[in-house]
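Shared between the two complexes below is subunit A, which has subunit B as its partner in the first and subunit C in the second.
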Partner chain A sequence: MRASWRDTLLSYAFLAPALVLLTLFTFYPLAYGSYLGFTEYGGARFAQGLAPRWVGLDNFRTLLADPLFLTSLGNSLKYLLVVPALQLASLAVAVLVSRELPGMAFFRAAYYVPVVTSVSLAAVMWEWVFNREGTLNWVLGALHLLPAGGAFGWLNNEHTAFWAVMLVTFWRGFGYYMVLYLAGLQSIPAELEEAAVLDGASAWQRFWRVTVPMMKPTILLCSLLSTIAALRVLEEVLVLTNGGPLNSTYTALMYVYSKAFQGFNFDYGLASAAGLVVAAVALLLSLANFRLFRESGGDEGRA
Partner chain B sequence: MKMTRLIALGLSLSLGTVVSTAAAQQKVELQFWTWYLSPKFDDYIKTTIAAFEKANPNITVKWFDKQDSMVQDFISSVNLGGAPDVINLNIDETAKAAQNGFLRDVSALTPRATLTATYYPQSLTNFSSGGKVYGYPWYGWLNEGVMLYNPDLFKKAGITAVPRRASDLLTLAKTIKDKTGAYAWVPALKDPNTASFLGYFYAEGLPIYDAGGRAAFNTAAHAALLQQYVNLYKGGYIPEDVVRREAFQIATELYAQNRVALIVGGPQALTRIKDTNPGLYAKTVVTGAPLGKAGVQTGGSMDLVVPAASKHPAEAAKLAAFMTSNASQIAFAKVVPVVPTTRAAQGDALFKQTGSDPVARATALVGSSGRLINPGYKAPTNSDDLYKNLNDNIEAALLGRKTAQAALNDSVAYWNANMKK
Partner chain C sequence: MSAVTRPAPRTRTRTRPAVSPRRAGRLALRYALLVGVLLFAVFPFLWTLAIALTDKTAGGSIYAFPASLFPRAVTLNNFAEVYRTFGLGKYIWNSVSITALTVVGTLVVSALAAYPLARFRFPGRGLIFGVIVATLVLPGETTFIVNTLTLKKMGLLGTHLGVVLPTVAGAFGIFLMRQAFLAVPQALLEAARLDGAGEFTVLTRIMLPLTRPSQAALGIFTLVTTWNAYFWPMLVLSAAPDKLPLSVAVLKLKGQFNYDPFNIAAGALFMMVPVLLVFLAAQKLFMRGLEGAVK
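Entry: the complex of A and B
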């Protein structure tokens, strides 16, 4: 049945407010930011009220020649290792806490607390864990996993700081994805699980043959979200290590942040170009995610 | 015809008078931004603003205290056309803002003679660039203003003589740590967003720039000094957190826990210790700080600047001059132990008081020494990148990735290649 022009108009009228807001706060900043990536703009030029100056690909050449940017991009890509760990753990825990057992509501809430904890508070808490006299060294010492006098500040060592910060990201993101997976689990029809039980499938088989396939749309969504979040990691790095030591925790978004918002020498042009590179990487990885899930039958969950 | 002209003239004259009177009485509202002063100093700021408004009935002041996002907020406000009229910055930020054209030359708003008569020459130099003054010097602090120490830890370490030279501290670091387990002190090796190590070079009389203005902090003497700190760091005689946190923060935290024996700095550290460990505060001994070979002080200061985008520069200059006047700075020093930057502060009775209270004693020791406030180096152009490079190199030396000499060579090469973009 064809919709009348009045229906079409009405549909667009309903969409209009959202479109206006999206244009103002998403599409325009995106387009303007992309344009700035090809210009020289910031600092003195900004203060004098001069318009951005088109410089073509100069900013991208500067980025490629800047070892700090390359290090930061490398760190951001390395940071993606948190994604599979985060997804597997939050899915597994979601399956565990989705059972209607006494006290499960407490666990669901407890796992979600880090999501709503402010990053500065989290930083103070993790400082207690990671510093030389912190709980981590104490535990390792008590288990004889750390030689006498071998205690060190985990955030001050270039070999461990990166993983320590990643653990904080894991801790902060875990509850969020767990809730998304819980929602996904609740949408799986109970008959499927019951049919599998009748067919004599073990718990492990039910998980892999019923739960995981049905959850693929949620897994795809969570993977996409956490991939993008890992590429955008900034807050915990800023408060815990400020990018150090030896730039081992300096991420791409920290580079963007420092170029765009640090002091009065800021460089919107270069920062926007760096932002575009990060966005391009995120886009490529998202496409890879889609492809991966399609090839592994990502749509079967909807069947 | 004549009569008509006369009437017209009379009317225009009287109208002109009305307009000019109205203009004179027209209220001007100034936006005044401070940095990290609220809520602790609300009373002082509000009282001073009220006194200013009373003295200038046509001006009202709208005060905002900014914290972390000060610079970003300022840049946004310039972009949106609502720039503040008076802003509180520090020496480094003032230099950066001036280099980028965000500020007015205040000597064009207040006669140079008045500025010179009011503030210490070095204070004006701290906020000057290219022969122009970009800020009204406000409260300051001295990095080596006083030394405060824990007498119990000194006794435990068997130290009887108070260190008088900066080099004594390097020796003391080993003695105290080996005998008490506590650190001697926390040097500012690489404070974030600044180039704190350059202050150590200045204190030892080592140059930062050569006569041509190029970076020159990589002689053998510079490297030898850095190497001494590297040795201490590697030996575990300096808290390892100095690679990622501000030394002052670490020092005040650990001192209050009896894990640092002394703090070299301003009386502001004492205020924190008083809050966190009153028992230790009462025991704390305050004395003059050890100085480097050059016998100079390093330190910092705040100022009040008038943005180029301010719509009321004349009134803004009045407010800035009032807030930074001797009377206002002395009143501030009574609230918190800051070092005033006005010439008249030298003779103020406030700094001649003696007593056993550590803060009062520290205030008496440093309060009248504002003339000595000098960061020891001028902020270079493109300073954010250059400071980061220097700090990365200092860190590489501390963590054993580069020799002290190589670290300084690399940094100087980077500075000279990137100082003027």
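Entry: the complex of A and C
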């Protein structure tokens, strides 16, 4: 069937608002932002209204020589440790709430509530938990597990702040992945489970031999989403610690943000270059995720 | 293999005796775990609620455990006080304005774009669809920098419109609406066209009424995300503190030098309660919308 002129014209008329907005606020910034990464732009140059000046790889050299950038990139990579913990926990919780037992709808909804909580509220509430006099220390004290030196502020200590921020990411995320895993679990044909039961498989065997292989696409999707989210963590850091103490929670996107917008010497060129590095790492990690899954899924992936 | 070595489970599942002790134990363990996770998920909210309702004039610190979890004297004064002293009304209004604009904008733009993608053949359709899909995977670490520069040029930096415009066209909404439109029977459309209805009429009179659940899901999803958004409004409105939404302002409250946890907890609830109500009312739609976006 050939498209008629009328249909074509109408289609583009309907699409126009979306296309204009996407071009202006998504595609153009992607292209222009990539270009800026290779230019000197910002600060005095920007104030005088001068155009960006092409400097080739200069910004990337500057980044490699900046200990703060290296620290921030290292922190972002370290932040990826949240991914396996988050995925295992969400899958386990999904299995926990997947059985139709009394009260399950309530538990599912309650676990999802942190997902619909804004990061600023999370900051307010978790600061009280992590405070010197907060709940965490109280619970640890009650269990006689307080670290040496007694109570301390988890967010103010350069050895713990990072893990405290990560815990908040974990808290805000597990309900989200739980719902995705739940959808995956429900799409497993009941006959498969039943056949496994008839074959005498234990619950544990059913989980590893039936559930996990069938869930592979969902697991891949979730770990991919969560890897990228972890690499791009910014808001939690911004509201909980602002990168401190002693840059222990300073992440790569925090670097991009602060080079571009904090202080007086905003440097769009350098910030864009740093953004490109993060984007490249994100792409590499996505590819690695796919690879990993295809290889490990070779023998048992096909049921 | 295990069928040979351990035949026990088979007989048990077939005959189904009244709840065996072992099964009851497992069930108890399951619920214990569920409650444990529940505490982790909702404890911060419960504590915030307790603090917000505590009568601070009765003395006592929020850190006096476990007493502070069960306020002895309950009051609503903190809500009135934080509303008055920090002029919360202004921030609530800003949140409402930004959220309403975003929800309406997203629904309109997504429906308009999804209609031809679902129902027409035209040159470039595959390309356009591919390009929209690409926005889901293209890493946009520098987009917020360029977008603020663009908004500045357009004179929209520091305005609600500036917060809203860059967010209303998104792959999520377009996908969701496209899926919904694809499910509408072709016969209905043809009947309407035979009756002489124009395409805009078909969209508004047939497609939209038949896809209310998807629009509701998208609307609620957008509402919650926008109401809670922190980074982008903070960036766009950094030079216009009077136009900040509650999500950003609530942290300014925390930064005030006469930091009062009771007031902050009350302010936090002002922000949380609307979203919580919407979520509880529309939970099913919400989760369906999430799944729909992933499939």
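Convention: the second predicted complex is superposed on the first by the 266 of 303 C-alpha atoms of A that agree within 3 Å, B and C clash if a C-alpha of one lies under 4 Å from a C-alpha of the other, contacts with A are read in each partner's own complex, and residues count from 1 in each chain.
FYI, a residue touches a chain if its C-beta (ideal position, glycine included) is under 8 Å from a C-beta of that chain, and two chains touch if they have at least 3 such contacts.
These numbers were taken from a predicted model, which means no experiment stands behind them.
Overlay on subunit A: subunit B and subunit C clash in the combined arrangement. Number of subunit A residues touched is higher for C, counting subunit B against subunit C.
After overlaying the two complexes on the shared chain, residue contacts for A:131 are found with subunit B and with subunit C alike. Of the two partner chains placed by superposition, A:52 touches none, neither subunit B nor subunit C. Of the two partner chains placed by superposition, A:173 touches none, neither subunit B nor subunit C.
By the touch criterion defined above, A:261 lies against subunit B and subunit C together after alignment on the C-alpha atoms of chain A. Contacts of A:152 after superposition: subunit B is touched, whereas subunit C is not reached. In the superposition on chain A, A:242 makes contact with subunit B only, while subunit C stays out of contact range. When the two complexes are superposed via chain A, 75-83 is the only one of 3-11, 21-29 or 75-83 in subunit B with C-alpha atoms clashing against subunit C.
Residues 131, 261 of subunit A touch subunit B in one complex and subunit C in the other.
Against subunit C, the residues of subunit A that register as touching in their complex are 1, 3, 7-8, 10-12, 14-15, 17-19, 21-22, 24-30, 32-34, 36-37, 93, 96-97, 99, 101, 103, 107, 109-114, 116-129, 131, 133-135, 138, 171, 175-176, 179-180, 183, 197-202, 205, 221, 228, 232, 234-235, 238-239, 253, 256-257, 260-261, 268, 271-272, 274-276, 278-279, 282-283, 286. Across the complex, subunit B is touched by residues 43-44, 46-48, 131-132, 152-153, 155-156, 158, 241-242, 244-247, 258, 261-266 of subunit A. Residue ranges on subunit C touching subunit A, taken from their complex, read 2-4, 6-7, 9-10, 13, 27, 30-31, 33-34, 37-38, 40-45, 47-48, 51, 61-63, 65, 108-110, 112-113, 115-117, 120-123, 125, 128, 131-132, 135, 137-150, 165-166, 168-169, 174, 199, 203, 224, 227-231, 235, 238, 247-248, 250-251, 254, 261, 264-265, 268, 271-272, 275-276, 279-280, 283, 286-287, 290-291, 294.
Contact residues on subunit B toward subunit A in their complex (touch as defined above): 71-72, 75, 78-79, 93, 96-97, 99-102, 192-193, 240-241, 243-244, 308, 381-385, 388, 392, 395-396, 399, 401.
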